[in-house]
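Shared between the two complexes below is chain A, which pairs with chain B and chain C, respectively.
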Partner chain A sequence: MVNSSNQPTTKRRHWVASVRRIYRGDGPYWAMLLPLLVFVVVVAIYPLLFSFRISLFKYRLTDPDQVQTFIGLSNYLRAFLDPAVLNAIKVTLVYVAGTVIVELVLGLGLASLLASEMRMTRTIRAFLLIPMALPPLVVGLVWKSLYNADFGVIPYYLKQIGIGVGRGPLAELGWAMPAVILIDVWQWAPLMMIIFLAGLKSLPVEPYEAAYADGATRWDRFAFITLPLLKPTILLALLLRTMQSFKVFDTIYATTGGGPGSVTTVLNFHIYTVGMTFFDMGYAAALANILMVIIAVLSIVYIMLLERQQL
Partner chain B sequence: MNSKRWRKLSFLFVGVMILGLVSCTAPAAVAPPAAPAAGEAAPVAAVGLEVCKGQNLVLASMTDQYIAAFRALIPKFEEASGATVTMDELGYVDLYQKLIADFVGHTANYDLMTVDIVWSGEFGQNKYTLPLDTFMERDQAELQLDDILPVAWTLGEWQGAHVAYPLAGYANVLNYNKDLLAQAGIEPPKTQEELLAAAEKLTDAAKGTFGIALLGAKGSAVAQDYMSWVQQHGGSILDDNGKAALNTPENVEILKFFGELFKYAPPGATDYWWDQRETAFRTGNVAMMEGWSIARAGYENPDLSSIVGKADLTSAPVKAGMEPQYGFGGWGIGINADSTPEEQACAWQFIKWLSSPEIQKDWLRNDGAPIRRSTMTDPEIVAAYPWMPLLLESFEKGDGDYRPRIPQYSLIQDALGTHVNAFLVGQETAEQALEAAQKQVDDNWQ
Partner chain C sequence: MMNKTSPLEKAVMAILIVLAITFFMMPVFWLVTTAFKFGREAFAIPPKWLFFDFTLRNFQEVLATSKTGQFILNSIIISTGATVLSLVLGVPAGYAIARSNSRLLNLSAYFFLLLLMVPPVAMLIPFYLIMRDIHLLGSYAALIILDTVFDAAFVVWMMRSYFADVPKEIEEAAFVDGASHFSAFLRIALPLSIPGVVAAALYVIIYSWNDFLFALMLTSPQTKTIPLGILSSFSSVEVSWGKMAVMCLFAIAPALIISLFLNRYFVQGVTMGATKG
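Then we have the complex of A and B:
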């Protein structure tokens, strides 16, 4: 072997040349990234791969011998045949639809209402942001007290105006899901408001001027100019909230524990029950992967719609 | 700065960061020394409190009433022994999960832990806690084992070995509000049928008073109450072979009876955990409440209760014609099998100290629950707590196995917890609920 200056090269010279290339080239940039990459791999990638792997096994966490039996796709098959899982998926879809649609409408409404830059609107906007700053678990516990059938404020006032609450909003079959959706809306509608606010601020003024000159009403301006121009923002907000809503856990855990019966058992909560109560880790991992795939598919759909909009 | 210096600096920076990362993880990589198997542990030569000098113990305790007794007595133990005992106060679900995580991960975070009577089988079979029989043999003379009530040994006994030592014995009793019963002209019920009749008579929804408070919350709460009623009707959760038999016709009947009782309970009862049920009784809105005897003293405490002087208790009523047997429950105290031998020796000293007749009186006075006959018949104690003789009778006729203390107990509890609640809120019929519960248990039985 010879190098560029026609000197015979040894393996050591090759090695030294490579190190020099790294040192002088992109090396420093990769090196700066290395600690973060290590962290991400350890905290996110490795557990993800472990989850894929363990979902193909039968593994009970509390087994003193820690036996792992390979069973292929049995866990996934079991999931699709399990009525509890199908119910959980259905409940989750209801939850997501309820929260996202209500938050979308409310967020858009609030953003339109509070778009002006007067001091009062700015103050109101600031106060509306407070629910977002609270931990979901705390929010759940507080709302649980509010909804308490015996001592809660909400049932008290409902009784005053003549609406019977029976066992309470969180314990009645028909009321539990709306009650829980309300908690989520209370906390996250302001997020939608902020996103739409940003969107509204970025809209061009000219179409509105033209519309005003043409004699369009306020509703016309909203429906035919604002909404179409806001489509990318709306899709983005939908994407964000859908992904987050699918993963709901804290609220359900703090308020209903999946009850009454199983009307608020969302998929994430069911996974927790399977994993932490039965310690059936293989099955829980399979369910978690299914949830991840559902979210990923929805996200891809949204992003495709988003890209089409921007073309 | 020229590119040469930039490169040198960046590599130096990276080196420092990697060093930092490595040194952060280093302590975790050092495995704690494995504790030798229980059988091999050579008992430390000294058997007194001396072994505790300088030891640090961590106790995981359920937030039941006896936690006040722990808070009062631990400083006394620390003074007497020279050890430091830190206590972690945890709710029922959290305690179970943290203990299981500690055992399965062999992290030995907790040296001492309160063990629910129903966990005896699970902890015993999986060897989570140290069998205490060697210690008990050795220190027999000091322990006065005959003084401990026979039923109290179910708090930690599993297949002949003791995986936890009796800590707090509870009898299932019927608490009632004397005033409300007197106003309605009812005697405290002696049979289950009388109980249902009394509950109906005492309920006046318009006034906001209800006959009985019950645990209905999905999970361990409703499971416990349902199993308690199974016991009081002479039913059984297990069949003769020791496997779960939840959907028998008797159990379905008992579930329907249980549902009947909920008609006379406050509307939120289908969501009641132990504290909410207690609150309902303590505020004087509810006339009767079955519960563990340990709560009785709290009703005389004006800080906690609005019914001071109005509460009384009687033995839990059984079905007419049934031989009286009373539900027994409570907590044992166990030692982590993964703790070091020194920690285990000191933990045993703590258990010995705590269960000694002298300290048991203080234990009781600070809201603990009794395990010794001598404590329950002590004149001072009986004078302060007049219900002791009744409690003693409940203990003597106590049944500590009405909730099976088998390793699969958690499975049965979760199945019943989900489906009995579903029945109470009207999502399933009684037959459907117990069928589904049985199926859930069978599918996951190991």
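Then we have the complex of A and C:
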């Protein structure tokens, strides 16, 4: 009993001392961080808390008197029974897996093709940077016109080799998803490439020399040296692209608008529709929070994998 | 370095490189050439890649009739505002995190990383309601502030790893001479880190310039940025790919300049943000 009554005060003293120590040594550093911290708390943390609050309410902007009725977790429960949401989650997972896997393979391929430091490859690499710097909306519009059934370039050439695509790739149930995945791949595979190029440059030379002495083939060296050494970089690139792919909006908006039917309605797009077209703010906020949790869980998994890699 | 490449391998690699260039450059090439094709020329079948009637009529008509100038000006105001604000807030914060020995300060870097992972739509919904309540919907400020949340988080995360690579010794010498932390930052660390700041700035410019979702919800007809301008100009009237392509060219101009002429900085921004833990 004596101990337990004593402990809080020592703990408290310890706490006060450490605050004082932080302040004395790092006061100026805290002062440099403070403006940003205040800014972020006001314009990011407050809205996120506000978003959690409205997710507990029935709150439609279309109601004439805009009443907010407290309904507890009903919006969240509703989400798990809503076929549109379950479909959107499924579509999102297909989209994310499709884009990230294809971009990974293509990015690795491009990085190994263009790894040399010749003037030519450097120029080619600069040109390959263009897609990822473009506004995704413009990328969507350009591909939409390339895919156009009547005068688009892609259906024209597909027809030439005997593949008919009916109303165009974006309007056919079976084609729409691969078509939007291709747009994402076009824009973001080069990002994987530059991350891998940075990774390749930092690899040690010795294993390659040893392998060369042992007569390993080009493929052996890639599969048994490059890939294992590149694993942390690959995980990082996967983490980055998975997070970004979950957030796709602009290209879907510009091309399919979620259709045909709802085969390309990713969760992010669905939330936008619920919130900004139907103005069902409480439900949209709940869905956005669910998306945030999905992304957070996935990032934690990736980060744990990464940590294990670096040990 | 030490691999002998057989002629066959060389040929295969050359073919693959040509295929890659074709795939990645074809849409850009198509967009640029379409801007110079007027009317039906733009959707000629079979497609005219090289030999078409070259004309500047699309440029004349777009500049004469549409509000393109205003859209471009709005985009410039908003991306400049977001870039300046996120650098002013983010660069000193990145320096503080890199230099401080406080564990709490070091850990705050992860807080900004988490912020970067928040889906934009999750931030947009409450932000839209708050901006509506304080009558800032449609103002430049609303968009600049929301862009800055994500931009500044990126700047902190990137500058932290940049400053960590700048040697501390010069600053420590300055401390001995009685310099304050602030003057060490402003007079020594910052000038040494200009390439990093440029890389962060380019990245932020591109991302605020390209933003569409936030602008879609937060701008008014007077503050529309160029991506929205493109959409609104061509959703109601008859579709003219040629004119759309002209507006798209204005929208992609910064991307082209930065990726072709400032690519060293751009690559640095992207890889440092991504690879340095």
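Here, the second predicted complex is superposed on the first by the 277 of 311 C-alpha atoms of A that agree within 3 Å, B and C clash if a C-alpha of one lies under 4 Å from a C-alpha of the other, contacts with A are read in each partner's own complex, and residues count from 1 in each chain.
Keep in mind that, in the parts below, a residue touches a chain if its C-beta (ideal position, glycine included) is under 8 Å from a C-beta of that chain, and two chains touch if they have at least 3 such contacts.
Bear in mind that the values here come from a model prediction, so they are computed numbers and not experimental data.
When the two structures are aligned on the shared chain, A:Arg167 is found in touch with chain B, with no touch to chain C. Contact with both chain B and chain C is seen for A:Pro35 once the two complexes are overlaid on the shared chain. Once the two complexes are laid over each other on the shared chain, residue contacts for A:Thr277 go to chain B alone; chain C is not touched. In the superposition on chain A, no contact is made by A:Pro228 with either chain B or chain C.
Of the two partner chains placed by superposition, only chain C is touched by A:Leu48; chain B is not. When both complexes are overlaid on chain A, the residue A:Gly258 reaches chain B alone and has no touch with chain C. Of the two partner chains, neither chain B nor chain C is touched by A:Pro178. Put chain B and chain C next to each other and count what each touches on chain A; the higher total goes to C. Put simply, chain A uses residues 28, 31-32, 35, 39, 148, 150, 276 to touch chain B in one complex and chain C in the other.
Taken in their complex, chain C has these residues touching chain A: 1-3, 9, 13, 16-17, 20-21, 23-25, 27-28, 30-31, 34, 43-47, 88-90, 92-93, 95-97, 99-102, 104-105, 108, 112, 114-123, 125-130, 145-146, 148-149, 152-153, 156, 180-182, 185, 206, 209-210, 212-213, 217, 226-227, 230-231, 241, 244, 248, 251-252, 254-256, 258-260, 263, 266-267, 270-271, 274-275, 277.
Against chain B, in their complex, chain A makes its touches with residues 23-24, 27-28, 31-32, 34-35, 38-39, 60-62, 64, 148-150, 165-168, 170-173, 257-263, 273, 276-280.
On the chain B side of its complex with chain A, the touching residues are 6-7, 10-11, 13-14, 17-18, 21, 97, 100, 103-104, 126-127, 217-219, 266-271, 276, 280, 285, 410-411, 414, 418, 421-422, 425-428, 444, 446. Interface residues of chain A, counted against chain C in their complex, comprise 22, 25-26, 28-33, 35-37, 39-40, 43-44, 46-48, 50-51, 54, 109-110, 113-114, 124-139, 141-143, 145-146, 148, 150-151, 153, 156, 186, 190-191, 194-195, 198-199, 205, 208-209, 212, 218, 233, 236-237, 240, 243, 246-247, 249-250, 253-254, 268, 271-272, 275-276, 281, 284-285, 288-289, 291-292, 295-296, 299, 306.
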